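In the two assemblies presented below, chain A is common to both, partnered first by chain B and then by chain C.
Up next, the complex of A and B:
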């Protein structure tokens, strides 16, 4: 990672987090189907420049902490046809997460 | 600056022998790559490429070199990595902890645009990778993704009903095994490390690598020595 300005890490692995339901358009890396959903931080993936600003020729600083968030499939899709133990993981930037616990 | 999002699948695979002349066998000729009007994206790509060269931002040599680099990255390279991980516990440990460093140890530089992570299939978890937002893929190891990886059908269905999609690929995941879908939404690219198949004890890394297909490293296939034997 770089030595550039980085937002402080607000969440830790194992913590329950909520993806903010925000109607962001443009170059946004938070898929619509995960907005408003609750998951658990699986790991911290480092810090990266904010793609929502980078895409518009901004520096994207401070860098955003990126989390791997693990969701139960049954949380995402009420009629999920597979076993209740199936999961989906996605990488979500800190600005899209809030504590759910 | 590559042309890797530019697929030309024309479905003109001809397995039959051609005997042109007198037998009445006719068919439309294969469409030339550059026949017909350019699409809007082709015009856009050519215009931007010409401007970048004219303004001295890039040279034609640099563009050709980047295309050559991408062409040197193939599933066969990924298969070597998997076979080494199966054969060398210390390498596997490094691959899991520091994929970039382990690949560099093998002389594979993944550049600076994205980080790589290796996710390991186990008797308890089967992993499968998708990018629902576009087509993020570990290109600097595996080369350009298959067309289906970028299709709307795969990208939307594999997150909603992964077991049905896997079944269509011929992968039946038992109920007791967790299916874990990885949506590579951001700066990380995922390589699936498949399980080493039983019955491959004592195999050389080269022979092991021959089992590892592109799809096995995406999670849509399982290495199968039986298939290899059938192909021989």
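Up next, the complex of A and C:
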């Protein structure tokens, strides 16, 4: 059994993170509406081969840590009409996150 | 029975910098929630994708997404779910040099003539090879 290279986990649950606001070059799993937004790491989902590389027939290594990040709906949509505590969770790869503190 | 797909292109106001599929939060009106049974070709398309990705490792599901996302807006909006799949499968089989465009065209022409000879209707619509072309 081979052990695949994995990037180090930079964030931990509860930490506030910022989704990097940059254009996507090719295949990208980070939706446009989350770029530039701030959320909190809800959990660490594991490490997976990088889909941005797999999409071009590359091995996608080292694997990227994938986080479940929680955003307040009011942070995402300026006119959000629901309760202020409503939130949205999205899977974001580490390369798209930076520390917000 | 497969419902007739909508063949319209949707306005993407303020969509600067987004890929054609990345429309979360934009207003496209109400969602059509009608269910329909899958046509045989749609089931076969699904089976082919599983075979090519999981069993044969010809390409990844990520590559398939990339090809679909690279469609021009018109082709993206005017094709149905499985039409997007079958077009992407075809283009990836060519990209990975499993078949050539000529082989695909030749086989399509053969099948069309068989169907016509048996009195079946053959659609005049073709799926453009160019990535931005209309379907």
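Everything below uses one rule, namely that the second predicted complex is superposed on the first by the 98 of 101 C-alpha atoms of A that agree within 3 Å, B and C clash if a C-alpha of one lies under 4 Å from a C-alpha of the other, contacts with A are read in each partner's own complex, and residues count from 1 in each chain.
Simple rule for what comes next: contacts are C-beta pairs under 8 Å (C-beta built on N, C-alpha and C of every residue); 3 or more make two chains touch, one makes a residue touch a chain.
Note that this is a predicted model, so its numbers are computed, not measured.
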item	value
Partner chain(s) touched by A:23 [first = chain B, second = chain C, both, neither]	second
Which of chain B and chain C A:56 touches, first, second, both or neither	second
Chain B versus chain C as contact partner of A:77, first or second or both or neither	both
Touching partner for A:85 - first (chain B), second (chain C), both, neither	first
Between chain B and chain C, more extensive residue contact with chain A	B
Chain B versus chain C as contact partner of A:48, first or second or both or neither	first
Touched partner set for A:33, first chain B, second chain C, both or neither	both
Touching partner for A:66 - first (chain B), second (chain C), both, neither	first
Chain C-contacting residues of chain A that also contact chain B	31, 33, 51, 76-77
Chain C to chain A touching residues, read off their complex	17-19, 22, 24-25, 59-60, 62-63, 65-66, 69, 96
Chain C-facing residues of chain A, complex	23-24, 26-28, 31-33, 51-52, 54-57, 60, 76-77
Contacting residues of chain A [partner chain B, same complex]	29-31, 33, 45-46, 48, 51, 66, 68, 73, 76-77, 80-83, 85-93
Chain B to chain A touching residues, read off their complex	115, 117, 132-133, 159-164, 175-176, 178-188
